[in-house]
């Protein structure tokens, strides 16, 4: 094992390199437990970041640009949510359209440009330590984690998320406002994706149309690896958090061992399949024994 | 329409010997034997949950018996699956039609057993299906997709499918439950035709008139046990009912009528497209109004309209004197209505979740504690109280409901709705599929609730249950209100006459 | 020979993406230099996968920094997005050499090993275009790589300047610029789309080694090689058949092998401390001879070492070059 | 009874056809020289690869599953077939195609086995194998690319090959290959008995089990065939683009799902057709190719495509529900006639 592996700065590095993905993974977990999925998160990230960059490029102040970018994320979530919760279309399809469409909007905004030259304070936010040795994004992650835990595991709203995931009809017959819960989750997802997009822009210091492209699959992988059922209704944020740690450590460990991105994705792909296969195989063995 | 004499000299086509089957703690069948002869119509009678459906699922290989043997033509056989049973000449029409909504009617009939060869013979398939459907007097376009067909049409397709299988043993689990009189009549004709061709038919129906008109042999089940098998001539409806019901009926002494005070619910000419029409009734404080009728009569739909799931299109209702027209269950619950669904597994309980989580669900906001967060402690306390009050047998209120027995699940479901402290409690088949002990407890409990002044709307297909619990009985048939009977006028005969449309 | 030869230094060679042939050639050159310099530590050739390009490069740079390697050689696949990671590496004492494509702001970068003079690239591209279209001139379009690639954008800019500044190019008319993201499929489709969109198109200039053969293949498949030509930057082995059949009569490139060789020599010299990254310092670059660090004329800040020269390939010499 | 033969599902396909026709007409009026053999060729050639993959994807989606690994499979097949051909220039074309299909089928079998025998949800399996296949490609290729220079000339020239000329309309060999395959599949789905099993399994898995249909075998075959189609698409990718890098066919999984969804295949299984999915691919391809020529910025295409999917699915859901209601009512009216004469005996 590399001696660099366990060092304070490495651990912070480890989080920082994937911070935007893991922030979204937390909310994605809520959505999947609720029985839905959001494939459009990476595109919303890109859209929000491009919106921000575009606005700064036409002279809008950074604080305003950030607010508008976050509102853009909310609007994206609102569109997804309307079609899923109120029109009743499958989220897989709606957010696939979102994946393509919001990426398109991101490209429309920036076209062939890469926009950088953000104010110093903004890029520092993404690149420098903010509180002690901790970067700002890590603090955001902790805040989102705590909020997600509070929502899912401590609040009545979280209870509704599980009930809906286990069966929409039971929830409906119990007076749960199913559509409202789903809609709120998509709003959250859009907002957090936009937030992640802004953070990513700050970390990179410049934005182009393909920012965060393809992140959605890695995000979903982390959630499923954390034991959240793709059919909804079960899973916990503890599992997702552990999966995040596992993936980050694996990536980092393999990275330090000079295994490139691609060997890493093989390992994570195999891990994903195994994690889903093991419960089934265990139950099969158990039924053989008894 | 005389039944043929039973040809006892002929070798039985199918025999079940000492079949037992348990589901967890429920002994669905206990050492049951049954003999089927060729060319006979053999009726099975028994209350809900007596084990009839389980028995036929064993005959068709859907379930494997825990012990006992199946013989076909005298030789022991294993029914590995329903496909296997079909190959061996045993076909069934189940209580709930199992169709492919995206395939067309003809395909639904033939998909499992088309002619040999790799190709679908569409032309002959359409022709053949049309012929079969015609022969049972059903007019459905064989090229239409099965989605959106009425229950009766779905049932007809199942029958056509069984006929196309050319089965030697044909099992029909309540095939007439959702057929109109005309459609039923054609079916009976057909059953007799099949019998003439030597097919042995197992017929399950809760309609006594049909059973006694058609059967050669009548077998009665009770609580998973075989009680008797006799030639039709040796049975009367009265004797059969006595055997079906057994001694447990004694427990259900009619209760004393409580003095009815204020009107809680008043319904005036309520109607909903395609479901029910012109339904009017009142329920007072402390009163139990029973809703009787055959399966599919529309009673559930009335309940759902009052509960805001499928709002009424016409008419008006008042709850405690205020207009009541809920657009969602939330509004109905807030208005003081609770609806205990007939489908516990799909609509009633969230099975992977704990009983305390289920019990708190309809009024979750009442369980807010610190910082507006959910208070699990409060939930557990309330659940524990219900556990004691309803004698729910579970190790912990935190255990998943799915692992409990049916009776205990039903009690959790009741607890869930009582927790809303409703003014009006709608009970839809509150004792369907639960064992006798739990059933008596539930009955006791319903009584107590009424005695405490709750208004209760009791929908049940279990006629003795309705008759002994209700202050008044409303009978429905095909979405129409046929009669509203006082308890003294409500006898089994009168109610059944209205429910089957044979009154007057 | 570098004075520090024989010292063990951990080094990382980072291409834009894996899976593009010229970067393999660069790796070969770098390995050659490593052997010459007797660096016993193996050279790590690590690259991001294309879908993970920006984040992947940042991750590799960050990991290399954590490992405490002596030098990183980066072919930057985006704009300034890599700058923070490069700066972090630089601050930790890692030598950061860019090659092929620099960091536009030069932040965190010690020196850029430039393949050719970027302004010269513009002139070479314009010259080839004029030669193919002859005096009559006509419409042409540019098919580039990613929209914000620093090197390609610089080349396109300089080509535009050349076109404007010299009257002999007046007959050439640039009608469109599109970006194939260095993906064969996208570039292929865009080439055809250009043909459809501009009925009078005569030439596609692709200053990317992925774009040029893809465009040529597209034109060949549509039987348009008579009417429309391709030029730009290409690898002889990939362009061979198109040059021979006239689809791409002439194209240019420098030796990526030499580029990798020079990048390694430079990075090693910096890492061993024999050379400082400052104007006027001289790198003794083995078989390429001495090279001087100068100010980079195409960027506001930043230093560069120039490799050069261009090789022009046409029907006469392409076959021999492809065999190399 | 014959008056209402047209099922709602067929209406969906016909309306797609109509939309394509309208789109073509609109483009023809605003783009000079649009209605030309060249436009036809361009759209046809660009659509075939995605259409072939979408056909395989349709089978999988019909059985209530999803195959996210198609892009990786296409990339793998293109690369490995290319490598084989580069090493053996003498390999006969038919064998080369067979090899490509075989490699794809093998990968499809891995997916199918994991879904059917290990009972892992297909979205997880194919999300995993997508990464694994693509990763293996990078590993094995050593990150080097296949180039036309290494490939036999018949393959390089294949995209130009014309099998049939009607006037100035050329039907290219690859277009013909794809069309024939797709049409064979479509015919197979309706003529072969097993074809309808895909619909049955997706429509109601419980009923399929009770009816004795070989549910596992059907789902396994769906993945197998999706792999095979990806194999064919891989071969076509190799022939068309010539240069195959590790990123070949990346993103095809989402494009194929988009085509399937726009083509009216129910994402929850049981309904839809291969023809529908092909029309979906054609519609997407037509819009993509044509919008670019309209001086519409390259960057607007994706935004419009997203909108198209949303509109297609929303209208589908609304339209089909309406049509079905109308259809059932019409039938119910006819049915009531005999029932009306029925009085209890």
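Should a chain be cited, it is by its letter among A, B, C and D, assigned in written order, with residues numbered from 1 in that chain.
Heads up, the rule we're going with is that a contact is a pair of C-beta atoms (placed from the backbone, for glycine too) under 8 Å apart; a residue touches a chain by one contact, two chains touch by 3 or more.
Bear in mind the structure is a predicted one, so any value in this text is a computation, not a measurement.
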| item | value |
| --- | --- |
| Most distant chain from chain A, judged by the mean position of its C-alpha atoms | B |
| Geometric centre distance via CA averages, chain C-chain A, whole Å | 35 |
| Centre distance in Å when chain B and chain C are each reduced to the mean of their C-alpha atoms | 76 |
| Whole-Å gap between the CA centroids of chain A and chain D | 30 |
| Computed distance of Cα centres, chain B from chain A, in Å | 46 |
| Two or more partner chains touched - positions in chain C | 18, 47, 49, 51, 179 |
| Shared interface positions of chain B, touching two or more other chains | none |
| Residues of chain D engaged with two or more neighbouring chains | 134, 138, 246 |
| Graph class of chain-chain contacts, one of line, ring, star, complete, other | other |
| Pairwise chain contacts, counting only pairs that touch as defined | A-B, A-C, A-D, B-D, C-D |
| List of chain D residues in touch with chain A within their complex | 66, 68, 114, 118-121, 123-125, 127-132, 134-136, 138-139, 246, 254, 257-258, 261, 267-268, 297, 299-310, 313-314, 317 |
| Chain D-facing residues of chain B, complex | 62, 81-84, 86, 94, 98-104, 107, 111-114, 117-120, 122, 139-141, 143-145, 147-150, 180-182, 185, 501-502 |
| Chain C - residues contacting chain A, complex | 18, 44, 46-49, 51-52, 54-56, 58-60, 62-63, 66-68, 78-81, 83-84, 88, 146-148, 177, 179, 181 |
| Residues of chain B that touch chain A when the two form their complex | 307, 309, 328-330, 332-334, 339, 341, 346-353, 357, 360-362, 364-365, 367-368, 372-374, 416 |
| Interfacial residue positions of chain A with respect to chain D in the complex | 83, 87-90, 92-94, 96-105, 107-108, 111-112, 209, 217, 220-221, 224, 230-231, 260, 262-263, 265-266, 268-273, 276-277, 280-281 |
